[in-house]
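Take a look at these structures.
Here come two complexes built around subunit A, the first alongside subunit B, the second alongside subunit C.
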Partner chain A sequence: MRLLGLSRKDTRFLLIVIFLTMATPILLQPFPEGSGLATFNAGYPDLMQRFAIFGIFAIGFNILFGLTGYLSFGHAAFLGVGSYTVVWMYKLLDYNVVYGLPLAVAVSAVFAVVIGYVSLRRSGIYFSILTLAFAQMSYNLAYSVLTPLTNGETGLQVYGNDPQVLLGATEANSPHFFGWVMNDNFWEPVIGGWKFTFNNGYYFTAIIAIIAFYVSLRIFRSPFGLMLRAIKTNQTRLNYTGINTRPYTLAAFVISGMYAGLAGGLMAAMDPLAGAERMQWTASGEVVLMTILGGAGTLMGPILGAGFIKYFENIFSKINDSVLHGWFGFLPDGLEDFLIGVSHFFVGKSWHLTLGLLFMLVVVFLPGGLVEGGQRIAAMFRKKSGGKDDAAHQPKPAPHVAE
Partner chain B sequence: MDAIILQILNGLDKGSAYALIALGLTLIFGTLGVVNFAHGALFMIGAFVAVSLQRLFGMSFEQIDETKTDFLGNPLKVNVPYVDSWFGPDVGEWLIDWSVPLAILVAIPVMLLVGFVMERGLIKHFYKRPHADQILVTFGLAIVLQELIKYFFGANPIQTGAPDAFTGSFDFGRLIGFDPNVIIYPYWRLVYFAFAAVVIGAVFSFLRFTTFGMVVRAGMADRETVELLGINIDRRFTIMFGIAAAVAGIAGVMYTPILAPNYHMGMDFLVLSFVVVVVGGMGSLPGAVAAGFLLGILQSFASMNEIKAIVPGIDQVIIYLVAIIILLTRPRGLLGRAGVMED
Partner chain C sequence: MGILEVKGVGKRFGGLQALSDVNLSVAEHSVHAIIGPNGAGKSTLLNVFVGKLIPDTGSVMFNGQSVLGRKPHEINQMGISRVFQTPEIFGDLTVMENVMISCFAKRDGAFRLHAFRTVAHEADIVEHAEQVLEDVNMLDKRNMHAASMSRGDKRRLEMAMCLSQDPQLLLLDEPTAGMARADTNNTIALLKEINQKRDITMVIIEHDMHVVFSLADRITVLAQGTPLVEDTPERIKGHPKVKEAYLGESA
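After this line comes the complex of A and B, so read on.
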């Protein structure tokens, strides 16, 4: 079966992704309410929305970093720009996200053109530092001089005396899409011990995420995508053949900036707030972590990475002493205390330590990320069942990032 | 005129910190060819060595003081630091008071060790990998170090005072013939600048005037030839990494009275120090030092009210603006050699 100009394999791939996204509220709720393992459930709206939003962010980042190898350390700037735009539209017009989101994409595209035009004159580490410098500049400005636009440290939010010229009398007082209120759940069935939540906001972001994924799929398979890959593999050679690579890299930069702006806008659509801390360089670092962890340059990688990080961030931060005592309670006292003491380093507020360690391990041992890990395990099984995958006859794996 | 001198002085202490961190970054890049995003974390660890030492000296036990009584007439319990009871109150008080400068003595071996472990354990495997991989893995390491410090010391800044002799300010203006009370400058900042100058001088003379330094410089210029001569350049580079870590560490130790250390100070300084390195020229030691002071002073000029009135917000972005302009017009940096990282 072929759909929407995709090959048979890609159609199947897209359908699987659509199924997984649509069924997320069920799939992420495998343990009954109140059971000991309910901590590991992730099927509640706030978290699922974050999966989708950061998935979009990482998919977009992957178009730049995964395909061209340009490592941007300033993508969070677009995230912030997107959020601010959407909240401003709430303030000026009304809570319908339909005005804000396209504008967020457009505004971040303008920013991306400017920043990309300047930054892309350099490559390698200089490019990283230029993007970092731009992002830090936006962050510092948002905190200081631009306070009339960004509301400084408080963060931008909607106040009662804002114009909101389009606000109708019966209109919802929180973000919505033509009356489809983001915070509402349209169905909350309880089946047996299981409780599922089907949330408007999640499905809204999920549908946008699927479209975003489809667009990235098309970019990956297009001649344009091939060109971007060529830039990663050997830019000098392209230059020798008389091809000017700058327009291609700029296009990739702008596209990924637009994805980031969209993700930022959606963040404000779920929660009508925008703060400067979204633009800080640690936030840019986070999307780099997601993309690398999942597997840069692969289609599924960034989504996996985003889901993985957000899931474990949520779960690990929830684990506290009483949960740990519950787990290790069957052990002798001394051992129990020791194990809990050790676990303290990795859970709760120290979750970032786990993330940092994990990330280092991935960069050192598994440069292809989780996707490569999965492929290796799959290859191991195939070998056991008598496959004939001879390493010498396989194409060499492409280098992880371009020089 | 006095305002200009004051701004230059104000820029010196921040400039010193930038210069010291950038010096270490450049040493590592010049010798090992590694971009170390964890260098800010080393600066932070140094600061927390000072915090730990002050806490260690301050550890006390309860003792009943027979000479004093509380309001009920019972003998008063007072906290006596261990150092007081071991070395006598005079030496004890002195130790507590001077814990920040004394922490340098502790920080040097600690940071050398941290540097060696880091280089042998992790960085070694990344010599041949692309710069982006090096950035990523050291970024991960920086997160880990930062979270460890946060785990043990909490998230809030910890005030760590300078010795009493150096608290307060002095009238610098009178020294050079201005009216009194025009140019007031805290003692400790001057100490920090002098200290930075000594450290920078020491590193430069070490590289310039010792045989070890000569070999290292030769290795930076042409590693293969040096290896062909039968010299184990790897070991020397590892030692240089340790030295760079120690420089960052003691820079952090001495900075604690200026800025109360918190767990993310390393990251804050790292970004700026990287910008400094780029402005000075990747791999150029004099460039790193010069750019450090230059940007520190520029930043303090940009935060003058007169200038902020003309260009609002300039103090927040001046460093980045300079970096962008330098990168676009002279990518090798102010003092960088032609052909080094000039893509």
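After this line comes the complex of A and C, so read on.
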């Protein structure tokens, strides 16, 4: 079957992604409520929304970093711009996200043209430093200088005396899409011991994420995407082949900036707040980690990476000492205390340590990220079952190509 | 009037006069070799042709248009292709993708935002790239990872990329450097065929006299940044000035 101009293989790929996204509220709730492992359930709206939003952020970042190899350390700036834009639309018009989201994409595109035009005059580490400088400038502007526009350290939010000129009498008093209120759950079935939450906001972001994924899939397969990959491989050859690389890199930068703006806008669509901390360099660094962890230059990698990091951030950080006592309680006291003492370094507030170790392992042993890990496992199975693909005698496939 | 006209070109790097008063005329459809001892300024001259260096004096005209001050991609779009001393290819991409990029550059120009088209559906590009690969006997390697090929094959791929653009002028910087004799002979045969079948003018910079004398219609000998003589291969062979330049005063 072919869909929307995709090859058979890509159509299957897209359908799998659609299925996984739609079934997330079920797939992430594998353990029954009240069981000891219920801590590992991630099927609650807030976290699922974050999966989708950071998935979009990372997919966009991957178009720049994964394809062209230009490592931006300032993409959080666009995230912030997107959020502020959406909250301003709430304040001026009303809570319908239909005004804010397209505008968030447009405004971050304008920012990306300016930042990209200057930063792309340099490559390598200098490009990274320039983008970092721009992002930190934006952060400081938002935090203090532009307080009238951003409400400084308090963060931008909607107040009772805001104009909200389009606000209807019966309209919901929180973000919605033509009455589809983001905070609401449309279905909360309890089946056996399992509780599932089907949230409006999650499905709204999920559908946008699927569209975002489809667009990136098309870009990967397009002549434009081919040129971007050529930029990463050999820019000199490309110049002498008659290609002006500057507009290509700028286009990739702007597209990935628009993705980031959309992600930022969606954050404000789920929770009508925008703060300067969203623009901080740690947020820029996070998307770099996501992309590398999942597999830069692959289609699925950034989504896996985003899911992985957000899962760790939200689940491992919740495991505190009392949860650990619950797990190890059956052990003799001395052993219990010892195990808790050791685990203490890796969970709860120390979850960053686990993430750091994991990141090191992936970078050292799986330079292609989690996607490469998956491919290796798949290859192992194929070999065992005596399939016709003998990896050792096949020409090496081009790495960093979508799979 | 030649296809490439170089007049009075001079270039100084600090205290070194790399080129001085270089005059050169490359006739259309010919193979013009530039030879000379190390440090004679051959590579500097080539870098002037492709827009990497801007000379201090003089002019370089291609088909009556100046190439000076233009960027490498603009010069390519004028119809000048370049083969490097060490093959420059897209190592992470497949052989087919390498050639398709050249085809896209020729068809679509220096920039085109075709983000919603699909490479595999561009029938004219695919067909053209396959044709070119067949011409250089590489069609069986089309799905190979370019970086994993032998040096001879990389050179051939680079040549195929240039050919796919059907350039008017092909600049070759020591196309057989570091090659075994068999590979060198293959390359000579390929270049001869390109020149005769496709009518592409070539400028070759080369150390290997075997290559120069089997290909060139005309040879310019460069020494210390200035052309010493320009003549046919037969006459260059026995020229006393050339011997002097290569072997020193006493020879």
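Basically, the second predicted complex is superposed on the first by the 383 of 403 C-alpha atoms of A that agree within 3 Å, B and C clash if a C-alpha of one lies under 4 Å from a C-alpha of the other, contacts with A are read in each partner's own complex, and residues count from 1 in each chain.
What we mean here is this: a contact is a pair of C-beta atoms (placed from the backbone, for glycine too) under 8 Å apart; a residue touches a chain by one contact, two chains touch by 3 or more.
Note that the coordinates shown come from a computational prediction; the quantities given were computed from them, not determined experimentally.
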With both structures placed on chain A, which of the two partners, subunit B or subunit C, ends up touching more residues of subunit A?
-> B
Based on the superposed arrangement, let me know which partner A:K384 touches: subunit B (first), subunit C (second), both, or neither?
-> neither
Once the structures are superposed on A, label A:K9 by its partner contacts, choosing first (subunit B), second (subunit C), both or neither.
-> neither
Is A:N140 touching the first partner subunit B, the second partner subunit C, both, or neither of them?
-> first
Return first, second, both or neither, reflecting whether A:L226 touches subunit B, subunit C, both chains, or no partner chain.
-> second
Common interface positions of subunit A, toward subunit B and toward subunit C | 399-400
Which residues of subunit A touch subunit B in their complex?
-> 69, 71, 118, 121-126, 128-130, 132-134, 136-137, 140-141, 143-146, 281-282, 285, 288-289, 292, 344-345, 349-350, 352-353, 355-357, 359-360, 363-364, 367, 399-403
What residues of subunit C sit close enough to touch subunit A in their complex?
-> 50, 71-73, 76-77, 81-82, 84, 88-94, 97, 100-102, 104-106, 108-122, 125, 143-145, 148, 161, 165
Can you check the complex and tell me which residues of subunit A touch subunit C?
-> 5, 7, 218-219, 221-227, 229-230, 232-234, 236-245, 247-248, 251, 255, 395-400
Mind listing the subunit B positions that touch subunit A in their complex?
-> 35, 122, 125, 129-133, 135-137, 139-144, 146-148, 150-151, 267, 271, 274-275, 278, 282, 312-313, 316-317, 320-321, 323-324, 327-328, 331, 341, 343
